[in-house]
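Each of the two complexes below includes subunit A, the first together with subunit B, the second together with subunit C.
Moving on to the complex of A and B:
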């Protein structure tokens, strides 16, 4: 009778087939790793070809760098993950961003006593460019943002807070929650904020406003001007230091457009 | 880039520029038409500010004129035929937008002007009251149309292509313009070609990513069927491509040869700096130190973190430590936790109380790390805090 197909024998056969498949499964993975090795070599050749033709582009054109980074992100590749990767080794894209990382850290460290570890992206950009000198490659704000994202791996609280149309770069592990961020955004227009302004715009109670402002004071992110006309003003050096930059020479000041 | 080519070309000429200007009464000649004028312009001789004040610049069909805003008698001009090439220079912080104009050397029969000699081969117009966009546009038009060639004016205006110009004859203004235009087109073409090649490259990279995902899935499903060796190889492939390991989510775990080597290098390199800094350094400090020393083939932040993570397993005398605040430091193994806390307590007791800044000064540490030590001592119950708007101050815990 045909029902023999579903007996003990059939089950045993099935088990054997499964075992064989399992065996094949592991062989397949091994094969794939070997295959990957070959494909990697091929890819390396293509990358070398690309580098020989276009390596300059990466260094010279920030537009090209943006495009490159976005494409990598789309396919799930991080060209900056390791200095030992193909991308940095052959395209030289690593050194550009890693060095930028060093410069960013140094600028933030140098200004920390003034602004508590908070700086606008504009000011950071300006100072990094200055530090690089006239003949260095151009650095865009996009480049800075990507370099900062990489720095996050080292702890130390590197982060970016959106304010107005730009960002504040945080370089200290000060805890800043939503309340603090909102007050920073409010202060962005004038560089300072008062308790009344917070209460008016955000509809908070006095305690909440004071609590947030006290925290900012403690972290060194805000300075108190208790002699201001009206009520005390809380100034954020990160936001106003660009306007009062001590690096503008009298000559340059004369040059500024009215 | 185009700039290099220009400089090479200009080296063939003499490098004298502001001396191309001539005094003029500022009146337009017959057949010469006004194109555009703009006030609030300062002249530069190359990179140096001209010894003239702010004035108004006038573009005519034949010349570029400049007149002092306060002293209208002071008016100088230069024929447009002297212009080889010009470009915009964007405004910066505290700096107005400019137009940079590169000029032929002064011909010998030139009329007198404000400068006898100039070491530069170009001048700049600095637009303090804006207007540079329109001015640039009109200048481009005039330089393209070259109306001065068709309508000669009664007053002799020296051109740059006279017989006395010497070597300039070999590379006439038209030839240079064409070459520069070609160079510009080629640069544009290079960029679009680069983008095309980039897309193709990315397609191939995408294949690698998909393959690696497939492998990772197989590894996940059949644990233990891949040899240790193969896993290590696979991880190194991911490292090369910058693909995040789909299994562990890290771009590469411990165990790649590169990081082992790196960790050992760091072990050697950081001994002395750590001793100097009280046995502890923030990871960002280490990053800067190491990369500045290397100069090239720099470490990525992730490389550094991953190397530091394996200090312990390699029996190196360094440790990576993460504080509650998220701050990451490298510390000497010899500087144990108890020692640090004891030292913090000693110092605070000695002075009665300390802030992080004061403690930092005492030990020669960074404020950040001084604070972390005080916080640690507090956590262990040896110190307590007084938190006010004047700052955070630590006292010995007497409870």
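Moving on to the complex of A and C:
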């Protein structure tokens, strides 16, 4: 009986076996690649069909867009990542959000002289819908948030501040830190805030409160009301409920400094 | 037709002179616009400062806010700088409000004259401002001092000549 695995013959045999495995391996790999390629082609065709079938839906339905985004997130695709590319071009998703971004900028610019560059998401939504007219495509607040995130990434000075369950959209590069943000949140309820209210709610020293309020005045986000009973009130046009959905009149437009 | 108040009118801080320079500029521009619109709507040509304080323009009873006398003076000074206001006395207690400047009035009057083929005719000032023919025109009811200035503006332009007649002044259009 021969003993296995020992001797020159065994080594040579092993080497031959290894070579055959390697060959087999590369053959396998080639196979797999050919198969994957075929699958990708099929996938691509399916995708093209999907795209043409649903392009309309993407433009029309905000619910569809949400589901689509969620699906993309699951498979690790960002359909909004840089304008060019398979997805944005295929489905026109990029176009939709790009156009929306432009509209958002227009609305914010038109109202900046009024509110200093701060607007509630509600008001922004209302005006965007208004601007799109009767046959408007459905635009949801989710759409707005995504478009704004895009704008933020492109460095347009945009930001979102969470207040009272919704957001304040900031469209000017005013420097707002945590202290400012928290005071804005406090002001959201009544549209104004006082030094006492800040001290009571946030337990701050008077100086800190005054510092923040002065900054808001300086940035043109707040106006001073010194005729209020008790102590001065600091009002934010962005949060002034009576101002919501009040159009810019020709008179007002004439007052805007170039 | 009732007057449409701008959004600022119901915004309490609007009645406080703003400490921030940029905001104050916006505020004053809005006040000037409001005063002129209100005077135009009520066809007011003169204002008395003390009376003005109680007028609805500067005193919003609904929100319990009013512009202080100092602030009113600031607004008026702004209007004066823009050519829409002229003080009638040294004490600055009374002023002329020109929500339309003389040149603009002159233009309107001349348009009416030429549209009706009345160039080269002579009119008395009374006829122009109070005649039946001009009843539907915006310049109907225009106060004498403003009418005269408007015609003077046209005169400077060579479009009219003010004539002195027996019982007053008249004007010939070219």
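Observations
We adopt the following convention: the second predicted complex is superposed on the first by the 195 of 258 C-alpha atoms of A that agree within 3 Å, B and C clash if a C-alpha of one lies under 4 Å from a C-alpha of the other, contacts with A are read in each partner's own complex, and residues count from 1 in each chain.
To be clear about the criterion, contacts are C-beta pairs under 8 Å (C-beta built on N, C-alpha and C of every residue); 3 or more make two chains touch, one makes a residue touch a chain.
A quick note: this is a predicted structure, and the numbers were derived from the prediction, not measured.
Of the two partner chains placed around the shared chain by superposition, subunit C is the only one that A:223 touches, whereas subunit B remains out of contact.
Ranking subunit B and subunit C by residues of subunit A touched puts B first.
When both complexes are overlaid on chain A, the residue A:178 reaches neither subunit B nor subunit C.
When the two structures are aligned on the shared chain, A:240 is found in touch with subunit C, with no touch to subunit B.
Applying the stated contact rule after C-alpha superposition, one finds that A:60 touches subunit B and leaves subunit C untouched. With both structures placed on the common chain, the touch criterion links A:101 to subunit B but leaves subunit C unconnected. Subunit A uses residues 217-218, 224, 252, 255, 257 to touch subunit B in one structure and subunit C in the other. The touching residues of subunit A, counted against subunit B in their complex, run 22, 25-26, 28-30, 32-33, 35-37, 39-40, 42-43, 46-47, 50, 53-54, 57, 60-61, 63-64, 67-68, 71-72, 74-89, 94-95, 98-99, 101-102, 105-106, 126, 150-157, 172-173, 214, 217-218, 224, 248, 252-253, 255-258.
The touching residues of subunit A, counted against subunit C in their complex, run 113-114, 192, 217-218, 220, 223-228, 233, 235, 237, 240, 242-243, 246, 249, 251-252, 254-255, 257. Contacts from subunit B toward subunit A in the complex involve residues 1, 42, 93-96, 126, 128-130, 190-191, 193-195, 197-199, 201-202, 204-209, 211-212, 214-215, 218-219, 221-222, 225-226, 230, 233-234, 237, 239-244, 251-252, 258, 282-284, 287-288, 291-292, 296-305, 322, 325-328, 368, 387, 389, 391-392. On subunit C, the positions that touch subunit A within their shared complex are 6-7, 10-16, 18-20, 22-23, 25-27, 29-30, 33, 37, 64-66.
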